[in-house]
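Across the two complexes that follow, subunit A remains constant while its partner is subunit B and subsequently subunit C.
Take a look at the complex of A and B:
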């Protein structure tokens, strides 16, 4: 069956016999991962409308994007979404993770419901909330509660809040799953020892649970922060970056420049910036954790 | 408070399922009311929109505006669902199914082969660089590569085809799949590989007859994770297709919503209908699905 590798061949050729097994995966990944990554850098030095010919125009696109006040705005919005969604999700996921880690039957039942948002597509979630928050046809209008009848997606501050809320609604279950697993790994004896020493519950939480979850926090934060760069579909369906440019994050900025304004050159510049931001964030988080992000992702595995 | 805590602690000591590794199920002395409040609050936050989606999808559009939104429909109707199906959702469902299966099966197979090679060979520079390349792929937001992907798909004359969505989906699924699968293959005892080798089995045979069956739970987990990601994927269909008959469900949902934005019950029926297959899977294999969702992040 195998073209190579018999048990008696020397080490070197045995590796040669193994190497071909990695080739199919490598081909796919190079063709649609590595080549596009290099390609996006190359395209950032061109002018292309997405249909016609691609012309090399040097730094034109870079100049256009870097002098555009839209870029600092998009960076700022991306940062805000990242920071606020982190600040909302982390304490909530931590608490829920702790809550779920204690195995009890009713919690197991609750967990069935808890994780439903994880299964829905971002498009479905965004569409639901759009309908639910509609000032004329939504929940608030139906209930007749004036406080809920707001132009939720039309007022900048409210729209921003809605984006953070919906992001949290979608991703808190995922992160509570990670925290739940982390909490379960903490040896019970540590709490027993703390109890003997007379440590209260709050003290136990801050002296045992939180320090023990250090790598879980880093894992979850890495996924949240790097993941927030790719909140495209949710924001696209929910607000399309609006009102105005209030929620126009980098990923959306890239799409709008490229596929709506047909400026693939500047859109590629944004894409390169997106990759750089992602790498810088991964490096910072790795520093913070003192471990490789990819390793901390496998925490407990 | 003290008495409740002790009682709850006792309950904690009877875990509702055995834990592998012999660790006691619950974390001792760890009850806190704040987490309890958060737990119940979250239940409300999740249940309210879901309840509203489901009951509203059975209401007539005309009665939707005049009844209490939380009251169940007085005269439940399947009309909204009929409308969604007439809008071509069966075709979109088939598209989603083809794209998902067409991408997940090859992705998991090639990722498994690559992981096997990476784990079994410790010395080869080639496989080590391949591994680093895949790890690098984890740190990069692959969405940022979408413009060149679009260009490549056009040049391959695959624009507006299901295959055009399948190929990049396979590539995007590979890094995480390799990471998770190689971690599991590493756990297979070395002696088993040795004895296969003694029996004269080739690497190819060892791969399929030893490593694959022994890591099957991990394979299923990775497959589920990728399937859900691709099933719910929005960006690739948005960019790589044009004609309505090539749409997958999330894109169809978005288009349907754009078309019937005032018909809330119909929109919600489309949401329920597109989510139903996943909910059925969730009901059948919840544990597998949840571990698939975290794909070993916090096993």
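Take a look at the complex of A and C:
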């Protein structure tokens, strides 16, 4: 590590205070965040098959990727996964979170049950769903329900729906948890006042709960949107980007080019694009939430 | 609450010093990595070698047993074996080679993958050693050396078993509709509606795995246009995929898809779960084109399907008017062992000793035949007669030794770059989302890459 870096700043700064506390985090961030990022940027200007010598070839990788019709397609698929999984997860987890926020015992039991998918690894979930959806030996065939006997992973629309469903199934518990915590922080007095004014449950939800959860929604949406950029394991195991290239998101495209087709240069280009898209999205979401979304003006953010 | 503010200068000092420290630290660890780092731990420096291979049973057990026998006989130069699952292995070995941490003995499929190792000078040229030890070379199938030879030099020792692709069929299904196994492509097309009418899928296919679909094209290309057709692609001839014979073969496969020749929902079925085999032995599908390695698992999982004689097998039938020799086959002519070029001389010695004394030893040969495989050893057919699967093994031996041309699997023969695009396009071709012409155009674009 860097024994020379820490003591000097820590010793020589009486008024600097506790800045050195950031050092461990900074070291990790630099070692595992910044250094690889610089490496990827450098690799994107090279041609490398992952085994032999690295040749600097300027912009050839960028040209190859940017002129490839696969890139806009992968971007579009990534966007669709992001938008659809957001649209499914947000209402569902919001309602679940509100439901679980009350403290009756049966709700606490249900909360534990809902939490289970989060404990499973994405790969395990994908393998299980793959087995369940098998048209000949899966759930539909086993129970004799014809509706469930479909070419789930073979028809483009169905395969896409399956991906969204499984992603939502896995992550709704997590976001419900965030919303549950958010709802519990809303002062009871607000509801009491609303009740006195004669507001019903639905009105209370839309006029108190939802506005009070504004920053929770932004936090959860940021996690969903940025997180969906990195969906890889689940889709890789479930559909491998198929059928054809229907579910080939950017992260999958990157892996396929880099590790299956041995094109590290183009794969690095996609990685850089992925980072840029992620940064832009995070920035937009922060703007949407007002200047300072992380600073709460109320209890319960 | 007002947090204690950090002055900007302090923060900048931190921000600058930390990356420098981190960079220095990373330089320190990245520098002096010893060559041949595959041998880690206390044994490094002696002749202790490492060996990575695939972890599927029963093959894994046979590989492991060979290593154990070798280690028992050579206590001073042991081999440490590590196993990996198929896809993980492909990625891991590439990463390890790129990082200079590969094992001494590299297991592989030869062909295009081996070529990339050779181009990066990562594997040892075995030609001189094989010239000095002709006994090692001469006892193996000559056809198995094709995929180990790059630009006239041999970079890998063929090992293990020959794995042609054959047409399996369920005899019970054929009896049910009163039909005979197909003897030509037109027979196949005529059987399709008959089986569909009886509620049996004509062909099982694990289409999600993609290489399963590829086997169909390999055979159709061979039967329609002969082995020269794919050889032209392999030799990087311009527009080789647009050959009329190639377009004919591609059209034929799409005709079969359109006629519901493959089981409904085949794109959702994977081969790694063996669901495609299950369709055949449960009688849901009548036929299946697959590698001979599926015989063992069908015997294991299929109840009395194999032992009761319900499994039929044959070479892929000829296409009427096609150029390919009906004896030709495709598949894996063998598996391959290479030696990592950056291993220490002692490790290389150990590896060569392993190649000469342990690979396909008499014990190993017996284990292969016991599991229903045909080892790539000359005269192995004599051993086969005494096996419980004698009939099957003789059939495979006959195909392997009698084939005029033994085509290597396309995804192994081509470079990884081209193979990936090939598999993509094949899955789209079977989805009917691209036409044969589009397929040819997409593939022409990556010829020679």
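To be clear about the criterion, the second predicted complex is superposed on the first by the 261 of 301 C-alpha atoms of A that agree within 3 Å, B and C clash if a C-alpha of one lies under 4 Å from a C-alpha of the other, contacts with A are read in each partner's own complex, and residues count from 1 in each chain.
In this section, a residue touches a chain if its C-beta (ideal position, glycine included) is under 8 Å from a C-beta of that chain, and two chains touch if they have at least 3 such contacts.
In this text the structure is predicted, and so the values were computed from the model without any measurement.
*Asks:* For A:142, select first, second, both or neither according to whether it touches subunit B, subunit C, the two together, or no partner.
*Replies:* Once the two structures are laid over each other on A, A:142 reaches subunit B alone.
*Asks:* Pick one for A:192: touches subunit B only (first), subunit C only (second), both, or neither.
*Replies:* first
*Asks:* Considering only the touch criterion stated at the top, classify A:262 as touching first (subunit B), second (subunit C), both, or neither.
*Replies:* second
*Asks:* Scan A:34 for contacts with subunit B and subunit C and give back first, second, both or neither.
*Replies:* both
*Asks:* With both complexes superposed on chain A, which partner does A:18 reach: first (subunit B), second (subunit C), both or neither?
*Replies:* After superposing on A, A:18 lies in contact with both subunit B and subunit C.
*Asks:* In the overlaid three-chain picture, which partner chain does A:119 touch, first (subunit B) or second (subunit C), both, or neither?
*Replies:* first
*Asks:* Which partner, subunit B or subunit C, is in contact with more residues of subunit A?
*Replies:* With both complexes superposed on chain A, more residues of subunit A are touched by B.
*Asks:* Is A:240 touching the first partner subunit B, the second partner subunit C, both, or neither of them?
*Replies:* Touch partner of A:240: subunit C, not subunit B.
*Asks:* After lining up the shared chain so the two structures overlap, which partner does A:130 touch, if you call subunit B first and subunit C second: first, second, both or neither?
*Replies:* Once the two structures are laid over each other on A, A:130 reaches both partners.
*Asks:* Of the two partner chains, subunit B (first) and subunit C (second), which one does A:183 touch, if any: first, second, both, or neither?
*Replies:* So A:183 only meets subunit B here.
*Asks:* Starting from the residues of subunit A touching subunit B, keep only those that also touch subunit C in the other complex, and list them.
*Replies:* On subunit A, the overlap between the subunit B and subunit C contacts is residues 1-2, 4-6, 15-20, 22, 26, 31, 34-35, 50, 130-131, 134, 137, 259.
*Asks:* Of all residues in subunit C, which touch subunit A in the complex?
*Replies:* 4-7, 10-11, 13-15, 17-26, 90-91, 94-95, 97-98, 116-117, 119-122, 207-208, 210, 263-270, 273, 275, 278-279, 284, 415-417, 419-421, 424, 427-428, 431, 433
*Asks:* So in the complex, the part of subunit A that touches subunit B is made up of which residues?
*Replies:* 1-2, 4-7, 11, 14-22, 24-26, 28-29, 31-37, 39-40, 43, 50, 92, 95-96, 98-105, 107-108, 110, 112-124, 127-132, 134, 137-139, 142-143, 169, 172, 174, 177-188, 191-192, 194-195, 201-202, 204-205, 209, 216, 219, 223, 226, 229-230, 232-233, 236-237, 251, 254-255, 258-259, 264, 267-268, 271-272, 274-275, 278-279, 282, 293-294, 297-301
*Asks:* Give the list of subunit B residues in touch with subunit A in this complex.
*Replies:* It comes out as residues 11-12, 15-17, 19, 23-32, 34-36, 38-39, 42-43, 45-47, 49-50, 52-53, 64-65, 67-70, 107, 110-111, 113-114, 116-118, 120-121, 123-124, 126-127, 130, 133-135, 137-152, 167-168, 170-172, 174-175, 178-180, 183, 197-198, 200-205, 207, 228, 231-235, 238-239, 249-251, 253-254, 257, 262, 264, 267-268, 271, 274-275, 278-279, 282, 286, 289-290, 293-294, 296-299.
*Asks:* Residues of subunit A touching subunit C in their complex?
*Replies:* 1-6, 8-9, 13, 15-20, 22-23, 26-27, 30-31, 34-35, 49-53, 130-131, 133-137, 149-155, 239-240, 242-245, 256-257, 259-263
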